[in-house]
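So that you can tell them apart, the chains are marked A, B and C in the order they are listed, and the count of residues begins at 1 in each.
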Amino acid sequence: MRSRRFLLDKVLISLVCMSVVIAIVPLASILYYVTIRGLPAMNPGFFTKLPPLPLPGAPGGLGNAIQGTLILVGLAACIGLPFGVLSGIYVSEYGKNFYGLTVRFLGDVLVGNPSIVVGILGFILLFRPFHGDNLYAGVFSLSIIMIPIVSIATAEALNLVPSSIREASAALGIRKWRTSLLVVSNAKSGVATGALLATARVMGEAAPLILTVGWSNFWYAGPTAPVASLTYAIWSFGTSGLQNWVNLAWGAAFFLIVMVIAINLAVRLLTRGRITYA
Amino acid sequence: MGAGRSRADIVFKALVLVFASSIVALTLAFFYELTTGSSYTLGEGFAFITSSTWGGSIGNFFGVLPAVYGSLVTSAIALLIGVPISLGVAIFLSELSPGHLRSPVSFVVELLAAVPSVVYGLWGIFIMVPFLTHNIYPLFRTYLGFLPIFQGYPTGQLPGASILDGGVVLAIMIIPIVSSISRDALQAVPDSQREAAYALGATRTEAIRISVLSYARSGILASIFLGLGRAFGETIAVAMVVGDTQRFSVSLFSPGYTLASLIVTQFTEATGPAYISALVEAGLVLLVVVFLTNIAARYLISRLAKSREAASYL
Amino acid sequence: MPSQELEAAYEIYTQYEGMRNVSAGPKLEVRQLNAFYGTKQALYDVDLAIEPNKVTALIGPSGCGKSTLIRCLNRMHELVPDARVKGQVLLDGSDIYSKALDPVDVRRRIGMVFQKPNPFPNMSIADNVVAGLRLNGVRDRGRLEEAGRRSLQRVYLWDEVKDELKRSGASLSGGQQQRLCIARALAIEPEVILMDEPCSALDPTATAKIEELIAELKAQYTVVIVTHNMQQASRVADYTAFMYLGKLIEYGETTALFERPKEQLTERYITGKFG
């Protein structure tokens, strides 16, 4: 009887360790294949040329997709970050009331919103009025994905700042709004973490873009035309069945993964293992 | 205390209030726009979910039953496979891991969350699906083929794409969220509980079972709800590996589609207001389901936080 | 074939035999015990003999090592990461730290009650009491109910909770919870009971009840109690050990130690000059 207990203990511990190994395998596989299939595509042409014609062996690159992603993510951040940070400041510093709790709660729930639903909203609000793919709809969609993420991360970072700082500041006669900014500056790394993670997230989004900005085989041509993006390229070229297009898709995947891992490493360095949000 | 209200204070407070209200406004916008946007097909009532008639030549009636079925089945598979693995990871990180392994393992789990959905899809199509189709599924077919869910062969456009593949990809994608919330729940259990179990002569896993797992029950349940919401709403990765025929089949090896994959593959080609309305309503179903699971999860998590506070006063 | 009954009966028999054959020496003997938290040393060459069926108190100022020492007696110390022990602790002559023994076996025979009552909140009162028995494989409902009732009676909790056995273990008052924890420890029939400041989280009435209980328990068990309250030690303990900065300073019969301390340090502590 007793030895059965010890045997069961060892078996269960092995199962737990096995599950950790099983969780690591897909990541290792993804990193491995994305590298060996995507790295070869990383030549200067990848960054400077336009997509190739759908003919076997046709040369080309994804320069316009990189440009498009940068434009979309950059502009989305211009909207998403201010809205998110200010919203987080409200929740943490001014929001100890029912409305503040509601904003906090809804923010938490919106973080899990399916990105396709975000795309639908972007479609209804900004695609239709322009009768076609356009930049505004895409930027809008990406920014509304960013806002809840940045808001919750900011609120949590600000909450970690000890209240003694607020009290000391108020006791010195400093106005509340200045105190709030002081608190923010004390939580710089936490806020930056949220911003970086939200940016990494929207860099990898595809569904909203499919519905709002579509695809273009040319360089950026203005806000009322479709815009190419790396994620759309992977989605469309990857399933095309054409080898040169598939290769470019792997290249785009490699580029994206490198960016995303770099950002996550930066976040790890910033927080140095301190508490992060879920 | 401190300074009184200055004009700058009032302006700043108004500023942050307005910007924070964007979150409330967005929530309202989601529900309002998706409801009015599906006005054409809302009239179908529950038949929308229970029927599999897909309009077009037949008229303007759209039923998304196969998509609902696909979403439910892929999510169920994702939970069946992903939750045990996630719990194992959580238990490892919280209870069993030597100190130097904790950081690297949790970084790996964070990276799993950081990989973009399209990249999962790409890897899924070219690496995961062929591997499973050639090495794993034949075993299922041989030994468990008497079950109708394991019969048949994938026949869709993409050789090998199937519902089971969709479920497996989702399982991998929910590991980060389920394991991190579960881990938080496990770590919230006070050490005095573990001590009580060990003092009774429990082995390591027995102590974990009686003192930690049951105490952290509601937190673990919350993590499962969040995983379900994530699996239900995941779009691109699933769309890329689950095939896209509109046939309805019981076999897990046949292709199918989910609500999310349906929307993303059909939206750009949808013609006519009823067609679009159907897709928007599918989005509304997604929105409601994910909202409900997230609310349930957040409620359970808030109860966890409250009990943590109460326990510290014991 | 009732092999489970047979096994349970055999276990009781061997324990009985064990108790009958025990030598008249100390129940627990600590020999040259050194304990470490990482590189920090907490106990220095402690030698101590705990007499059977007596109450031994460990007293001393905060940080003197009394909690560390008591946790070394049932191998709970090693649960702390980077914790180490050098030396021996003999239970009836056998070293509990021998490689042949698993800590799980040791903790079956040496039970522990903690400072803050820690019943399992997701288990009922009844399930809490028999948790240890269940771990050891006892499944028979009748035996579990019987053992649970006996344990609760022994701590004078039975009458108070007999109609509410299904309620959560955490729904009782502090004093009741602590008695529940003692009942839980008693249910697996240990030989030694260790108590780490069992009354410091309780009010005076609850404390008095537990002190009464301790006086009764020594008839059947050997009790070691850590306390920061000298009056409690003099009320409850037959023997007292005074510790300071990880060393055992003085040990002897309680009345002798308090009335005629041999060491100056002991005398200064007892008269309240520090700690």
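Miscellaneous remarks
Throughout what follows, a contact is a pair of C-beta atoms (placed from the backbone, for glycine too) under 8 Å apart; a residue touches a chain by one contact, two chains touch by 3 or more.
Just so it is clear, the model here is predicted, and its values are computed rather than measured.
Chain closest to the overall centre, judged by the mean of its C-alpha atoms against the mean of all protein C-alpha atoms: B. Farthest from subunit C, judged by the mean position of CA atoms in each chain, is A.
Ranked by number of C-beta pairs in contact, the top chain pair is A-B.
With each centre defined as the average position of its C-alpha atoms, the distance from subunit A to subunit B rounds to 17 Å. Subunit A and subunit C, compared by their mean Cα positions, are separated by 54 Å. Chain centres here are Cα averages; for subunit B and subunit C they lie 48 Å apart. Shared interface positions of subunit C, i.e. residues touching 2 or more other chains, are given as 104-105, 135-136.
Contacts with at least two other chains are made by residues 5-6 of subunit A.
Residues of subunit B in contact with two or more other chains: 203, 206.
By the touch rule above, subunit B contacts subunit A in their complex via residues 1-3, 6, 8-9, 11-13, 15-17, 19-24, 26-27, 29-30, 33-34, 37, 84-89, 91-92, 96, 103, 105, 107-112, 114-123, 125-128, 158, 172, 175, 177, 179-181, 184, 203-206, 226, 229-230, 232-236, 240, 260, 263-264, 267-268, 279-280, 283, 286-287, 290-291, 294-295, 298. Per the touch definition, subunit B reaches subunit C in the complex via residues 99, 190, 192-203, 206, 210-211, 214-215, 217, 314. Put simply, subunit A touches subunit B in their complex at residues 5-6, 8-9, 12-13, 15-20, 22-24, 26-27, 29-30, 33-34, 37, 82-83, 86-87, 89-91, 93-95, 100, 102-103, 105-110, 112-117, 119-121, 123-125, 144, 147-148, 151, 169-177, 180, 200, 203-207, 210-211, 214, 231, 234-235, 238-239, 246, 249-250, 253, 256-257, 260-261, 263-264, 268, 273, 278.
Interface of subunit C with subunit B (complex): residues 74, 76, 79, 81, 104-108, 111-112, 114, 116-123, 131-132, 135-136, 181, 184-185, 188.
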